[in-house]
Amino acid sequence: MQYNWNWGVLFQEPYYGWLLSGLRWTVLVTLGAWTIALMLGTAVGIARTWPNRAVRTLGAAYVEIFRNVPVLLQLFLWFYVLPELVPDGLGRWLKRDLPLPEFWTAVLCLGFYAASRVAEQVRSGIEALSRGQLQAALASGLTLPQAYRLVLLPIGFRLIVPPLTSEFLSIVRTSSVALTIGLLELTAQSRQIENYTFQGFESFAAATALYFGIALAATLLMHLIERRTAIAGMVGKGSLGGV
Amino acid sequence: MTGFDWGVIVRALPFLWDGMKVSLMLTGAGVLGGVLLGTVLAIMRLSPYRALSVAAAAYVTTFRSLPLILILFWFYFLVPLALGRPVGAFASAVIAFILFEAAYFGEIIRAGISSVRRGQLLAAKASGMTHLQALRLVVLPQAFRAMTPVMLTQSIVMFQDTSLVYVITLRDFMTVASIVAGRDGRVVELYTFAAVVYFVICFSASLAVRSLCRPAIA
Amino acid sequence: MSAAVILAEGVEKWFGAAHVLKGCSLSVSRGEVVVICGPSGSGKSTFIKCMNGLEPFQRGRILVEGVSVGEPATDLPKLRARIGMVFQHFELYPHKSVIENITLAPMHVLKRSRGEAEDGARALLRRVGLADKDRAFPSELSGGQQQRVAIARALAMEPVAMLFDEPTSALDPEMISEVLDVIGQLAAEGMTMVVVTHEMGFARAAADRVAFMDAGRVLEDRPTAEFFENPEAGRSKMFLSKILRH
């Protein structure tokens, strides 16, 4: 095996700057998509547990559609197909005037995709609570939305902090598909450095290390959240499921 | 925008089918190799020898914190370098998928093994079986039964993930659809058709998994 | 070779910092039936699992037909193949039918042919009164039936001795006697056995000796009649009076 090591390349301009810029885009896309995924995913997750059957079916349809089409293809649908299907004026705006089209398309696409996964976690968090919780809430005179807002969701969310962490990290990883529509995020930049310098080991190792760094930071942060929001007497999912 | 031209899809069908064969072969190789290597990883992780379990844990954590695309790039770059000669994108992709999926299957299998009561292992050993015999004859068959639904679901996810070989221009179904879309200028038709095909395959497969696995083991 | 089939001397075991066996000794001669009793947490289950090496121990020694269990060079699978064991929770293999449960080890450990192993298994099922259940799965059987299959499974290896780890404590009361009858019959036929149990009626009827354990120690080890008529240690007196009141 013949290979000329040159770790210094990582600290030379412009490659150093490329990596940092890639890291920045990866973080920004992830945070944007995460915001959408949390809000939309919570709504869909609630829908999946709602007493009304039609609402439940709608929630299930959302999850099945976004879970059964490859995310890369979803991205192409958002980027290439959607502007053709919407009314002409909007389509023209999407194609010509939308600022940072790659970025916003990636945020929307990943957000909608991740929402389907978050929804499943929210649903399992709510379903982990005993039926008695809902009945007790309703018996005390709360309306159904109040029961969700004040009782089911606050407990359910605490139960699913660990799986939500892994959903967040899943967005970090998945965000690399944005390179296919030209967003120069972390993976794209490392590939570009390899193309320019032929130092594949160094550039991919740098990207690998930065992804590790993100994962570590996110895990630590979530641990902190988990500790801060812990309820006395609740260890985890199992302790409440049997009640 | 002009109307849909479905003729373009009909004309491209043989080409698309070639792509689908590549997607299915990648999935098959990834599942087979991933389950085999994943089983080894799971047994290592649960082994009483610390060196083995730490090595397996490190492997799993590494592959699970990286984007599949980055791993495809890694192996597209590494495999020819390691072998000292150029190999096709397909060989690199197969190796990348097996190693990547092994990390996920390994965790599924580990959970499956952990769900088998410890007494089963003791009972098998008490009857004179070696550790490997006890795993092979008693623990693993039960573990595989318990985790079949999750493994099948992971295989469906993997089938979708094969579309990412687009980034190393390996001609799977997704890549072929994009080639035709670009060549014939029929983006809407091709991507819509591809989405419907993926959806029908994955959705019916997951329905099948659900109905297959509903009657839990007796 | 020692006259004892199983000989334990000064066995000490720690689980991390917990000292769970504190110098336990026991000798079981050929044809002898020894019952080990004692309050829960006294270490009796751990002790019996040390006898076939399922639990490692740190000090002392255990010989099975003269072979040292704790020796790293010992072929444990070979040793265990000669000692049958029955567990508290049966531990039948749920993915195998009754007859497959019984033939698995004879076929894979003793390398018997399927036909030979199945003939043996049918004979044993007749012996434990379950001849018609050979094709059933464990989940289709009652607890008492499962435990009788587990006994047949252990006997299929033609063991020189049997270890019973609380064989009836996971059973509903009405099923206890059907299992104890089978064990008692084995004892009457001269099988060497160690039985961890709370069933004092069984001990009185079937045991040659009774050992009483508490807090990781064997406090008494005496012929059955003596143990019941005149327990020495204060702890075993208290234990007996509590147990026999039920």
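A, B and C label the chains in the order they appear, each numbered from 1.
Throughout what follows, a contact is a pair of C-beta atoms (placed from the backbone, for glycine too) under 8 Å apart; a residue touches a chain by one contact, two chains touch by 3 or more.
Computed from a predicted model, the values in this text were never measured in an experiment.
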Chain closest to the middle, measuring from C-alpha centroids that were averaged per chain: B
Furthest chain, CA centroid comparison against chain C: A
Whole-Å separation of chain centres (CA-atom averages), chain A against chain B: 21
Cα-centroid distance, chain A relative to chain C, in whole angstrom: 54
Chain B-chain C separation of Cα centroids, rounded to whole Å: 45
Complex contacts: residues of chain C adjacent to chain B: 49, 52, 54, 76-78, 80-85, 87, 89, 91, 93-95, 104-105, 108-110, 137, 139-140, 150, 153-154, 157, 163
Contact set on chain B toward chain C in their complex: 117, 119-120, 122-130, 133, 137-138, 141-142, 145, 217-218
Chain B residues within the chain A interface of the complex: 1, 65-70, 73-74, 77-78, 81-82, 84, 156, 160-161, 163-164, 166-167, 174, 178, 181, 187-188, 191-192, 194-195, 198-199, 202-203, 206
Chain A residues touching chain B - in the complex, by the definition given at the top: 1, 3, 64-65, 67-74, 76-77, 80-81, 84-85, 88, 91, 169, 172-177, 179-180, 187, 190-191, 194, 200-201, 204, 207-208, 211-212, 215
